[in-house]
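Each structure below is given as structure tokens.
Both complexes shown next keep chain A, but they swap its partner, so chain B is in the first and chain C is in the second.
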Partner chain A sequence: MTARETLPILGFLIGAVLVSLFVTSNVVLNFLVFTLILAIAAQGWNLLGGYGGQYSFGHAAFFGMGAYVSAILQQRFGVNAYPAVAFGIAAAAVLGYAIGAMVFRAGLRGSYFALVTLAFAEVLRILANATEITGGAAGLLISLNLGAGNLQFADRSSFLILGAVLLALAMLITLALEKSRLGAQLVAVRENESAAAALGVDILAVKLRAISLSAALTGAAGALYAQYFLYIDSNIAFGTWISVEALLAPIIGGAGTVFGPLIGALILQGLSEGTKLLIGKIPGLDLIIFGVLLILVVRFPLHRIPGLLAARWRGKGAP
Partner chain B sequence: MTGQGRDPAFLAVRDLTKRFGGLTAVSEATFDVREGSITGLIGPNGAGKTTLFAMIAGFEQPSAGLVLLDGEEITGRKPHDLAKLGLARTFQIVQPFAGLSVRENIAVGAFLRLPKRRDALALAEQVGQRLGLGPQLDKPAAALTVAGRKRLEVARALATRPRILLLDEVLAGLNPSELRDFLPVLQDIRAGGVTILMIEHVMQAVMSLCEHVHVLAGGRIIASGEAAEVVRNPAVIEAYLGPGAAQRLAAHA
Partner chain C sequence: MSQIALSRRQALLAAPVLLSAPSIAQAQPRAIKLGIIQPVTGALAQDGEYGRIGAELAIADINAGGGIKALGGVPIEMVFGDARSTPDGGVAEVEKMQAEGVLAIVGGFASPICLAASQAASRYDLPYIVDVGVSDQIVTRGLTNTFRFGPGFGTVTASALDNLVAINDAAGKPSRTAVIVHEDGLFGSGMARLLNAELPKRGFQVLETISHPTPSRDMSNVALRIRALNPDLIIPSSYYAEFVLLSQTLQQRRIRPKGIYCILNGAASNFRFVREFPEAANLVMDCNHWADPRKAKTAELRRRVEAQGRFWLYNVPLNYSAVMLFADALERAGRADRGALIQALAATGAGFDSHIMPYGPTQFVNGQNQGGKPVNTQVQNGDIKVIFPRDFADAQPVYPVTG
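Moving on, here comes the complex of A and B:
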């Protein structure tokens, strides 16, 4: 990883700081913070799905683990927000390792892997809905206790910077992975498992490291969500919605790229909020339009448009 | 021989057997590969050569028998462990990492012994040049011709710095000029201290490259010896051309 390769990430961070200084609309700030949280969750998915080719349909399990562990530690055990968030992230990583150890050791791949991860997330959702420590169906409120020492901010722009810093960290981790031996081996596993094994890649070990790291990032998004909204319940934390958002964003923005999840999350949230804003008066119509736009975006990925135009231009230029 | 009672073979296969249900694909195959040699494994289609390779390289668990590498038993070990021990293989049906460049493909092999990206890429470049892939290093692997993909298979395996290389039909599908260009590359690899065991159908290559040839037919080793002598062996001729073929050939001679 060279300094030049980290420049775009630095640029993103500076952009986010500028936005936090000059944008005052709470609607816009709220939109951006939420998008950043999704982008972090999506970056986690991207590590395992985009680079490793293991398409999880249950990243809600890790998002929810990060959210619940940090919220429960703060609310039930009076732990300070910073260690609570750190424990939340660690718990998500351990859960990722545990699920990976079972699923990958059993040799599950492709749609079987997707289905089993979905099942794990659903089991956790039902458990969180039924047990006492999670607040059951009523959910869990984190007491309002403003102050940087408690990782709670009155203004949304501070959260914007916090989210941007976390996402920048996630992107740096992804970039470092991309340039590392583990990253090369992970991509090799995605492309062809038997060829990778023949070249000395320990497939199980590589997948386990990837899913732990992936789960940690998505868990961090969950903890940040809890810190921002100060409320979670089982359908938010372990709901299928976050599994879907976490996988759609990188697929739309460019799976297996550092900026893909952020671009995808911006497009997804932009489309969703935009349609709601423009045609929110007739209930359901915005969802229909959102669905149509989603199909178009998946069919004609925006990140490929420059390449397509270039190819077309070259095609015309050739004799 | 310095060691007392040490198996002189670098790779020793002993009574290796693979049964798929009622079908015995490989039956009690026993043969040796000498250190520093190029050894051929030939046989008609369906003889069990690829299954035998898969067992040696850890991709299939043998039903019975032993494999020893430099005196150490390696039967049934995982492919990645074997690669660490210095046993690398190529695939008959080439398996490039299609989404990666040629250089990155080779680097995956190089990463086995070199943890740093810079070192791995440098070795990948060096091995790529050696195998004549220099001009294609930055192209996507999917864009290579058949001959290029075969070279890539060998390059990737070689980048793991193996002691023994198992080549599964790397010459199949090449045209005569590609073949002529590729033979010196294989000799050069052996000259670099890598033992080679190759499955091959291209007899011209087997005759010119291999000091020693083992013939597998119907899952059994039916002949072993020098290439020139093995192809005159009546049992081998009949395995390829059918019963009585040896006699008919002798009558015509």
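Moving on, here comes the complex of A and C:
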């Protein structure tokens, strides 16, 4: 990883700081913070799905684990927010390893892997809904105690910087992985698992490392969500919405790329909020238009548009 | 011809008055913006839509009555936000409403949305009136901006048990045994635990507690078990679809206990259930939010809602009353200022009578109205009647059910 390669990430961070300094609208800041939380979760998915080709439908399990462990430690055991968030991330990583150990050892791939991860997330959602320590269906509220020492900020711009720093870290990790031996092995597994095994790649170990790292990143997004909204319940933390958003963002923005999840999250949230802003007067119409736009974006990914136009141009010019 | 001669000193003295004249004229806003947050898309869309109708009707009534008189008759303008049935959706709407300069926010419906949105509003000292959300956490966080006019979970459950005993005693104690049927989430499980602990103290024997998942596709086994146990009372704690399924199954299998007594049930105080499944719904009792049937305004409002081709659900009167509370407090505050409005809301007393809920005198303690209580309803011949407490009742309980 060279300094030149990290420049775009540094540029993103400087841009985020400038936005936090000059944008005063809390509507915009709230939108950006939420987008960053999604982008971090999506970066986690991207690591396993984009680079490793393991398409998980259940990253909500890791998001929820990060959120719940962080919130439970703060509310039930009086742990300070900083170590609580760290434990949340670690717990998500351990969960990722545990799920990976079971699923990858069983040799599940492709749609089987996707369905099993979805099932794990659902099991955790039901457990969280019925367990006392998670607050059950009533959810868990983190006490409002504003102050940097509690990782709670009165202004949205501080959260924007926190989110941007975490996402920049996630992108640096992804970039480092991309350039590392593990990254090359992961791509090899994605492209042809049997060939990679024949070349001596320890498939199980590579997948386990990738899923643990992926889970940790998505867990960080969950912990940040809990810290920002100060309330979680089983449907928020382990709901299918986050699994879908976490995989849609990299697919739209560019799976297996460092900036793909951020671009995808910006497009997703931008379309969602944009349609709501323009057509929000008629309830539901914005969601219909958002759905149509989403289909178009998935059908014609933005990063492919220049290529499509060029191909069309060439097609017209051909005899 | 007389001339008015102003000395330099007089002119200087008059200047501040003249200069401030336009600002005095502008001090009263052209309209008071009131934020209404409801989930009108997503899983809670039906409730949100009815909440919106309640708020719209209240605003229409206030404006038709001459607006806020203390502010020179300014009308209320609704700024509506769709929470999309999620807490983050609610928070995003609070931010937009803050940017639009609303004076207060009413609504939320679900406890998670109310918790997150009121917390976001507290950052701006923006008064927030919860319409329905019953979680006791809403008013125990020390947020000075948050008020709830309706009762919380603790009050509802305590009232439900007391009212059950009173109804049973008044009928000569026909019921002594009960079966509890509950969904296996925390709502149902928590309620079942509470009932198991409290019913024996009140002279009822709990024969069995039967749980079921949500969603459930079949209630035959539950119904068969109930038939075998033959309880006097069935006490269900389930959501809409499961309760409808249970009551239909009981009807099909001709299982007729002396009473079906619900608490905060999603269906038993819902005209959709009554209209679509009239036989299964008949004589089901519920302890829930409901409008005061004695007030003329309740009947008028119901007519207006039904004229729109809608059902009469409790969301309408609760939101209507919450907006009326806002207007009442604003009249007393005398100025469009958030701090003054919060103080006026906290000081609301028995004089607040423009609401249509069957509550005692209004008094807020830590944002919770102490007068807020649920009532017992019963489906009687295609209508939902209030049967208890007697002060508010518009029908006698049909209990025990015979035949």
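The rule we apply is simple: the second predicted complex is superposed on the first by the 305 of 319 C-alpha atoms of A that agree within 3 Å, B and C clash if a C-alpha of one lies under 4 Å from a C-alpha of the other, contacts with A are read in each partner's own complex, and residues count from 1 in each chain.
Basically, a residue touches a chain if its C-beta (ideal position, glycine included) is under 8 Å from a C-beta of that chain, and two chains touch if they have at least 3 such contacts.
All values reported here derive from a predicted model rather than from experimental measurement.
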{"item": "Combined model on chain A: chain C and chain B, fit or clash", "value": "fit"}
{"item": "Touched partner set for A:179, first chain B, second chain C, both or neither", "value": "first"}
{"item": "Which superposed partner A:97 touches (first chain B, second chain C, both, neither)", "value": "neither"}
{"item": "Touched partner set for A:188, first chain B, second chain C, both or neither", "value": "first"}
{"item": "Contacts of A:12 with chain B and chain C, given as first, second, both or neither", "value": "neither"}
{"item": "Of chain C and chain B, partner touching more chain A residues", "value": "C"}
{"item": "Contacts of A:201 with chain B and chain C, given as first, second, both or neither", "value": "first"}
{"item": "Partner chain in contact with A:27 - chain B first, chain C second, else both or neither", "value": "second"}
{"item": "Chain B versus chain C as contact partner of A:153, first or second or both or neither", "value": "neither"}
{"item": "Gap in Å between nearest CA atoms once chain C and chain B share a frame through chain A", "value": "39"}
{"item": "Footprint overlap on chain A, where chain B in one structure and chain C in the other make contact", "value": "none"}
{"item": "Chain A residues touching chain B - in the complex, by the definition given at the top", "value": "179-181, 184-185, 187-188, 190-192, 194-203"}
{"item": "Touching residues (chain side chain B, partner chain A) in the complex", "value": "57, 59, 78-80, 83-84, 88-91, 95-100, 104, 107-109, 111-112, 115-117, 120, 156-157, 159-160"}
{"item": "For the chain C and chain A complex, residues of the former touching the latter", "value": "40-41, 45, 49, 82, 86-88, 91-92, 95-96, 98-99, 111-112, 115-116, 119, 122-123, 135, 137, 141-143, 184-187, 189-190"}
{"item": "Residues of chain A touching chain C in the complex", "value": "25-27, 30-31, 34, 129-130, 135-139, 141, 143-144, 154, 229-231, 233, 236, 241, 273, 276, 280, 283-284, 287"}
